[in-house]
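There are two complexes below, and they share chain A, which is joined by chain B in the first and by chain C in the second.
Showing the complex of A and B:
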């Protein structure tokens, strides 16, 4: 009898630990790493370095915000990186050949990204093709088109982009304000609008949402469209920051964007995610680790190891949560 | 029923789009069948397969153009594929060349080790292989390797900086590293580290940043390194493809000054791209080690022709040359870069 009584309490403690680990584990590891970096390199814990990390996070952070929309409706967008590349090429072409103001180039890049997002959304929401396949297809098409337009050469951007890359308000890069502005708008849309609630409903149970009268396909379509447009803007911002677009521009960034979203609390299984602060935390965590490792003078090989471990833990936590332990 | 038919049609369209994109990805500028381009004047009846890793820098663009021109001049047909640095794709493309029955294959590998199995298949098929710019890993038999003397070239650059530095100068160095699977990147890293070890009183390695040959990682790396140590006054850049990102990073930090000016960060780079040479003439970059991509491209084609004609094999290591702020307007006044 005693044994039977003790067992549930052990199981309860175990479950509690898993609970705690899933909710705070990643943050705990992050804080330990931050303390470690700060002790090793006092510069790490300075305002200027924090602002630098925020700036480094801003470009991909915008794409992360878009990815939140897609993940919330239980989708995924692999094409985000090549969308960034293709849209940046379009924006740079407008800038270099037509010499139009930078804002027009951003609009062109955003529209180009929006188009790719709409194609993704149409095939996923209306034709019901698996998101992974659809976005893999658009990944290839966008990459192919980008390489075709640039003739696989580097594209140098007009020197006017450096004005934006260098622009600061109150000593803070405008990139940070653009990122935070987009986060705030996305937060408002997701938490305070009917569309936001519909996104969560579709992500949790698409069939149920449809029965409740929500236009599921339209909602999913819009999520992909938003993700595409934000990827386009992120691509152009990145091109301005670098002042050049290499043929390997944004290659592999889809993994950083998706993993940052998951680290920030979005679920690969849909129906979950808070852009504020999730999108910021996710990408900042990855950039802060890269920043800390550089400051430490760490081996070139250590970067991928650390990033891999963090992503693995984030996805593992997401899977455990989904399996019903916490949900 | 109608809906199903529409969905099926659209699904086929999506898959077709993916195939189209993949062709585009592997495609060269010609946009022909699977990126292949054939020279019109190929009257010798021989065909050379050119397998490029990617055209991610001006150096590779020049390399590619030089090979095309050499093939055209020799009246040889060529068929080309570009792997976008995907080693599996490159292996597959080489196997496609074998089945097409090309007479020789020039390979600019994304990864010299990963391409060994494809080269072994070429060996089995009796097709000679010429390695362009990057050597093959162990276990592969190649007819000739045309490459640069990466280590020595970097060492000469450091020697130039050391010899021209005012007495008592101390350099805090930021070392950027290319892809960790690229033998050239590793050779340049080793060359740099061995070279600065020869001047322990002058050079101190402050940070090493992996870039995977990506501009955004180079830019972030530069900014992070300066946040850690604002006294960094030397950057070693292993490829001109990363130079614009480094320049952008330095400009954002307010540290992009000319040689001899206060706050100048000594910039040592590699390849010989036109923008690097221009930056040297303007006085922002100190020295670039130039690999002669034009000559290497020609030699690759020549080696392929020799192999087809049954002549003797000969490897070639491009010794390279350095263009610096000192000699750019004298010895190399006519050199514009790629």
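Showing the complex of A and C:
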């Protein structure tokens, strides 16, 4: 939706307010909500609850890191939730039927996620179909495949996953360390490697990047592949956490992942985003709000409304910021 | 014009629909029946109206996710007004009021979408995704998750009645499609829409108010969702929060199979109507053949991918010429 509209030249209190709102508005709303939850439910501000929020953030956080790669190249991946479902099903099947060590199951889940990611990448980068159409289609395909492998039944995971889900280092769930490890690797890749800089270049100006000799299609393809693989790992981790895979596993999580990334500073218009604080801040904020709502005893249905409002405000801020920049 | 040339000028989607229909008539047992055809025609209506609305936003290079979710909200809200158990007891006034409220709801969310897209320059698919969640959440909170039943008899006879083999609701759906066709081909708004979809910058410079055009499109799309809600409520005789939950893929499928470019600026509404017919037909044939639900989901996903790829191949060919 590019429109050649000039910014209104009125510089006054109104514009200052908009600028302030864009920069700090979300954090302000977040802090107000946190104070509200803390006043209403004193338990909310306890160390154990904080650790719980961190643990639940870590699972989806891995998918958020993947989404950063796709958003940086100005794409989008809606299939991420069903990718998680499909990969978790594959991982769980490997675990239950072959009694292999857990690491192999994670590998299997990652590879099946990578497969979906490669399909996305191929159609976006090589065939050049609009990303959201491609990923909408693979959403259905991955969902269909997942339901096919489970025969539309629940899958209970082998009890060995409980040891991972309950494992703690220094009192902090091991999930958090896995997440932090992935964030650090992604941060290194994005900031300190040639590939990382190529990603930003493609996101900012694909045509220009191609002219400069960057293999644009290959870079975009790899971004989707990485997103898919990370979604697969996130799916398996989530399955370990729940130790069961429902047919509606991860449904709606694509919204959480996308909105967390946008809150964390990735732009839907591409070329922007820092994984290191961004991915963590984004997902922790969303999970803290969901956790607070749960503690308040809000109806599960109202989460959808809250998620919708959060994603709306996050993208609104992103869009207002974007139109202020000259590209 | 020779016969060969005039055959070539027919869009591919008509061939797909024709060939698939004839093959199904011959090879699928139970398809070549009066009742099966009639129910197929009835089932198409909702998808057809929704797809016509979303078609406009796709022409503009955007999309409207909200319309499928609006089906749930409008049917539960409208259903609770029209229902014989409601405050008005299912009278004629209740039906009228219910329909008006449903249309207003649809248009209202269309206004929200259009406003956000135009004023904040938000990408339409994220805006409409967010409002879709809002709409779904509101529908569930409104009913508490249960469905709304007990439609008055007059409303039921409208939903399930037909003239010969043509259901009343199909007539409504075709009317909507014709209106949108006229809107696109005969009015200023239509031509502006194609211009804005092809090149927003150029159309702005040449004096088209792109903001107004885009805003109107989202409102019309919302209104279409409201009409689809009325049709669904009349046909199903109940309102439920589950309606439309898996419909968005079908809507997008109809539009893309119909050859509309997701990049905007190109596509006929007749082809989208045919696309809706094809998608419904594939669904119902697979159902008759008792193909499991997950396979249908998978196949529909693949159809979108293949159709979009074919469309791009065609575009590249025509650019090369």
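Going forward, the second predicted complex is superposed on the first by the 307 of 327 C-alpha atoms of A that agree within 3 Å, B and C clash if a C-alpha of one lies under 4 Å from a C-alpha of the other, contacts with A are read in each partner's own complex, and residues count from 1 in each chain.
The rule we apply is simple: a residue touches a chain if its C-beta (ideal position, glycine included) is under 8 Å from a C-beta of that chain, and two chains touch if they have at least 3 such contacts.
Nothing here was measured: the structure is a model prediction, and the numbers come from that model.
Model built by superposing both complexes on chain A: chain B and chain C clash.
Once the two complexes are laid over each other on the shared chain, residue contacts for A:130 go to chain C alone; chain B is not touched. Of the two partner chains placed by superposition, only chain B is touched by A:154; chain C is not.
When the two structures are aligned on the shared chain, A:316 is found in touch with chain C, with no touch to chain B. In the superposition on chain A, A:67 makes contact with neither chain B nor chain C.
Residue contacts after overlaying the shared chain place A:258 against chain C, while chain B stays out of touching range.
Using the contact criterion defined above for the overlaid structures, shared-chain residue A:176 touches neither chain B nor chain C, since it reaches no partner. Of the two partner chains placed around the shared chain by superposition, chain C is the only one that A:308 touches, whereas chain B remains out of contact. In the superposed pair of complexes, A:241 makes contact with chain B only, with no contact to chain C. Looking at the shared chain after the overlay, A:268 reaches chain C, while chain B stays out of its contact range.
Working note: chain B versus chain C after chain A overlay, options 8-16, 188-196 or 314-322, clashing stretch identified as 8-16. The residues of chain A shared by its contacts with chain B and with chain C are 123, 127-129, 133-134, 136-141, 143-145, 147-148, 152, 252, 299, 301, 303-304.
Considering their complex, residues 6-7, 10-11, 14-15, 17-18, 20-25, 27-29, 31, 54-58, 61, 82, 84-85, 177, 180, 189, 205-210, 212-216, 219-221, 223-225, 227-229, 241, 244-245, 247-248, 251-252, 275 of chain B touch chain A. Residues of chain A that touch chain B in their complex: 41, 43-44, 46, 48-49, 52, 55-56, 59, 123, 127-129, 133-134, 136-145, 147-148, 151-154, 156, 162, 165-166, 238, 241-244, 246-252, 287, 290-291, 294-295, 297, 299-301, 303-304. Within the complex formed with chain A, the chain C residues making contact are 61-63, 116-117, 120-127, 129-134, 136-138, 140-141, 145, 200-201, 204-205, 210-211, 214, 248-249, 252, 256, 262-263, 292-302, 304-305, 308-309, 312.
Residues of chain A touching chain C in their complex: 1-5, 76, 123, 127-130, 132-134, 136-141, 143-148, 152, 252, 255, 258, 268-269, 299, 301-309, 311-312, 315-316, 318-320, 322-323.
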